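Presented below are the structures under discussion, each in the form of structure tokens.
In the two assemblies presented below, chain A is common to both, partnered first by chain B and then by chain C.
And then the complex of A and B:
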């Protein structure tokens, strides 16, 4: 019963929460730059507008692929919020991304084709850590089931602080934060227009945005997994921790300039090795 | 202001401006004028833009580009001509390569005069364009209904 409720809550509330967080992001960013910034509800206005615009379809599959991206992300998130297998959740998360790559390469714009290539490099960069993280949770808690992980007597972060650091690093890629917003960016993206979203207009772009909100909540959910344990007070702690991490990502977004793909790949794998690799090794040795 | 008017994304194109007006357009995005407080985003992508902001007159080479940008924008959309060059051709009017103002190629909804147009005037022009955009949105919605 609890599972059904939490999955339904995720499916219904994640886009709302994601849009609100996005509004917060834009406002906080503006304040960091000494500007007033848009209203908190701006992402909702944007979505509403996108749905009223003319649908310029560059081909007949792009909308379908974007919808698949949305559905797969929603499924991945539902698995997490149902307390199911974390490995399965992460696999479906990467499958979802593949649909986005296909959607971007389906049109003829050289900018979105370039963006699709960069998106794949991004996937290559963060994928090792996500998989290692699942193994890390298994080593730390003895189970791949999210339901078991949140019922541990102590928070996972105590035994896997390295993984948390690594995960914070790749969250910047997943949330498309500078310096890792190579394939498309939330800021004016002048070096290759809008990257993967270049030829997405109106409703197609709106679907992509909603999918990103699902993804954002899913990533924060994974983040919360590090802090949750059997005690009730771990829930407010986890939510507060997620917010702090999110603000840190915004700070980084505003302070760093975009890097080249090579730097992204190298730094990501080094960080993966140093955080996840070492932490995993230690976990294995002490078991 | 409703829907569209609350989230206008603009595309800035430099037809054959002397760059004076372009600097003023960019000044609008700086902390002092901060157009993002109206939800306005300066996007580089015609597919996602609602407002086409053009500086400078049209010359023989950029005519096709202006046309293409305009056609790539989804309906409803508005065009704002910024600076006297974009309005009429300005000081370059009699040059052999200049066709004239933007309205010689695509329909223009708002003219913002000035050389260079001040940021305040540009923002005023864009806000005026929002009203027209809202009207066009209503018409567009009715058209769509009739089609069904």
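And then the complex of A and C:
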């Protein structure tokens, strides 16, 4: 019963929460840059506007692939919020990403193809840590099931701080934050226009945005797993921790310049090895 | 069970008959017939075996005549190798061949060991027979159409198709022999035949490259064969048995490590990987056969057999390290490949690495994963090779860059490729599930290094498949017309493979409980379900979403009205999404390339360190293991 409620809550509320967070993001970013910034509800206005736009497309499959991206993200998130296997959730997450990459390459347009290539490099950069993180949870709690992980007597972060650091590092990729916003970013003034979203317009772009909101909430859900335990007070702590991490990501976004793909790959892989790799090794040795 | 000698004899007979048929049409029919009978024989054997209860069957008691014939056969193979080596001036190879043959003859004559049973059928053998017969038989059928088109394109090579088909059938016979043999001496005989046939197949075109690569493959496989021969001699001398089962049960250290070494060479693990991608010079059906149903599978088959004797000791550590290391190194090198067949070769090596790593750990779960990986890999890889071969015959190139927008040009072949690629790495196809189980088992076995290898290797695997898939699906219209010259028999084979890939995915729980669990039961005496109910539910969700979400979305979006607009190209689009106006005001053709990261992941950069590390580990570990056991 709880599972059904939580999955439904995710499916219905994740886009709202994601859009609100995006609104907050824009405002905080603007304040950091000494600007006023748009209203908190601006992402909703944007979505409304996108949906009312004319349906133009460069080919017949883009919309279908984009919708698949959205649905797979919803499935991945549902698995997480239903308390299912965390590895399966991560595998579906990368399948979802693949659909976005295919949507971008189906256009055969120079800018979106370039973005798709970079998106694949980004996936390669972050995937080792996500897999190791699942292993870390297994070592720390004895289960891959999210349902078991959140019912531990103490928070997982106590035994896996390294994984948390590594996860914070790669979250910048998933949230499309500088310095790792190689494949596309929220700003259209870069060397490859808008990257993977270059050829997406109107409702197609709106679907892509909603999917990103699902992904954002999914990532924060994974973040919360580090803090949740059997006590009720761990929930507000987890939510607060997620917000703090999100604010840190915004700060990093504004403070750092975009890096080249090589730096992205090297830094992610090395950080993964130093944080998750070491933390996991210690967990395995003391087990 | 009188059918078993026929199963080995029939393909061997076909191999003798086919070269004498000159007319290509009749030869094609004969090949269909031969392959059809092989598949039917395997099916009969399966049914008969299941009706008999599906247990372990020991067959063929002492038959000295066949033993002597095999010894004569080994000398014949040696003579063949010696003659060819002298002809092509590759003298060092002679040493390897003569050494092992003389060693075997000496051991058999001076220290004969009574062998109670020569052939044995159990679940693993049966699975292998079905794989070899079905996948191998379909590859033979595919080859009929392929070889016609091949010699139509490549007029520079002499048409020796009769010899080619003969070798394919010989290969099947030898493979049946390898998986059926319980007596190691018999297995060694068939093992050597596979080495020699692959050598002859690789040298098919007689170009300088082909000949060099074929000798490269030969010496590596003969080195493994030498290890095999020494293992038999040591087993006969020390524990007085040449039965594979007894050697494994005894856990005799030296024979097991040497047999494992032979398995590593045959399954093309680092540092012995180079022969397998050198084998790419041969026509595609032989690559498909070497990579999917035969040859490399003989190596992993032997390692899976040895797994109980490798669990938790130094040999297992060596094998699992080499496997894990090969998995990550080969998947990195695959990123830099733009030749379709070479990429497939690296992916084979990489996947075999994972299977070898699982066998080296030797726990129940890892063997479960290894058997499933082997099954899925055989079907998907055979299909992918066939599809790439057909694409090459249509396009005249197997460069992945030339496959840009193939979906519009060769839709049927592209769908087959797509299923194959998805089968290799996407959720919820079997490969990924097996990988998932392997990851858990590595953690439970406390082997953190393998966990790291798997985590990074999955990421690199994802990249090289995804970028190929994306290349295929980009909707790019070109003016170059392509006609699909793929023949019906080729499609026949590929469709069955595609159906099998999807079917295996749908029937996954059934395959797991009815096929793999009995194998584990036989190897270990016990077996518990690796997949729990909650995992199966999750898998069902994944399956439904992967199969139905895109289909549903297709139906939903098909009817929506859209206005099509040209893509944004920087310079003004000429209107056809193919040309844009450059800075001189002239039309410029759009060319989009994939990422290959050659400087980072190229073979030139990674191969040598990979070989040095793995060779060093093998040498040191073998010295330690053998030195410790003597």
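Everything below uses one rule, namely that the second predicted complex is superposed on the first by the 286 of 287 C-alpha atoms of A that agree within 3 Å, B and C clash if a C-alpha of one lies under 4 Å from a C-alpha of the other, contacts with A are read in each partner's own complex, and residues count from 1 in each chain.
To be clear about the criterion, a residue touches a chain if its C-beta (ideal position, glycine included) is under 8 Å from a C-beta of that chain, and two chains touch if they have at least 3 such contacts.
What you see is a predicted model, and the numbers here were worked out from it, not measured in a lab.
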When chain B and chain C are modelled together on chain A, clash or fit: fit
Partner chain in contact with A:87 - chain B first, chain C second, else both or neither: second
Which superposed partner A:117 touches (first chain B, second chain C, both, neither): second
First (chain B), second (chain C), both or neither touched by A:259: neither
Chain B versus chain C as contact partner of A:237, first or second or both or neither: neither
First (chain B), second (chain C), both or neither touched by A:198: both
Chain C versus chain B, contacts on chain A by residue: C
Chain B versus chain C as contact partner of A:248, first or second or both or neither: neither
First (chain B), second (chain C), both or neither touched by A:52: first
First (chain B), second (chain C), both or neither touched by A:11: neither
Shortest CA-CA distance in Å separating chain B from chain C in the superposed model: 6
Intersection of chain A interface sets (partners chain B, chain C): 54-56, 193, 198-199
Chain B contact footprint on chain A (complex, rising order): 26, 30, 33-39, 42, 45-46, 48-49, 52-56, 188-190, 193-194, 197-202, 205
Sites on chain A touched by chain C in the complex: 54-61, 63-65, 67-68, 71-72, 75, 79, 84-85, 87-88, 91-92, 94-95, 98-99, 101-102, 105-113, 116-117, 120-121, 123-125, 127-129, 131-132, 135, 138-139, 144-145, 193, 198-199, 262, 265, 269, 273, 277, 280-281, 284, 287
Contact set on chain C toward chain A in their complex: 404-405, 426-427, 432, 436, 439-440, 443, 446, 448, 451-452, 454-456, 458-460, 462-463, 466-467, 469-471, 473-476, 534-535, 538-539, 541-542, 545-546, 549-550, 553-554, 556-557, 560-570, 577, 590, 592, 594-595, 600
Residues of chain B defined as touching chain A within the complex: 3-4, 6-7, 31, 34, 36-39, 41-45, 47-48, 50, 72, 74-76, 137, 140-141
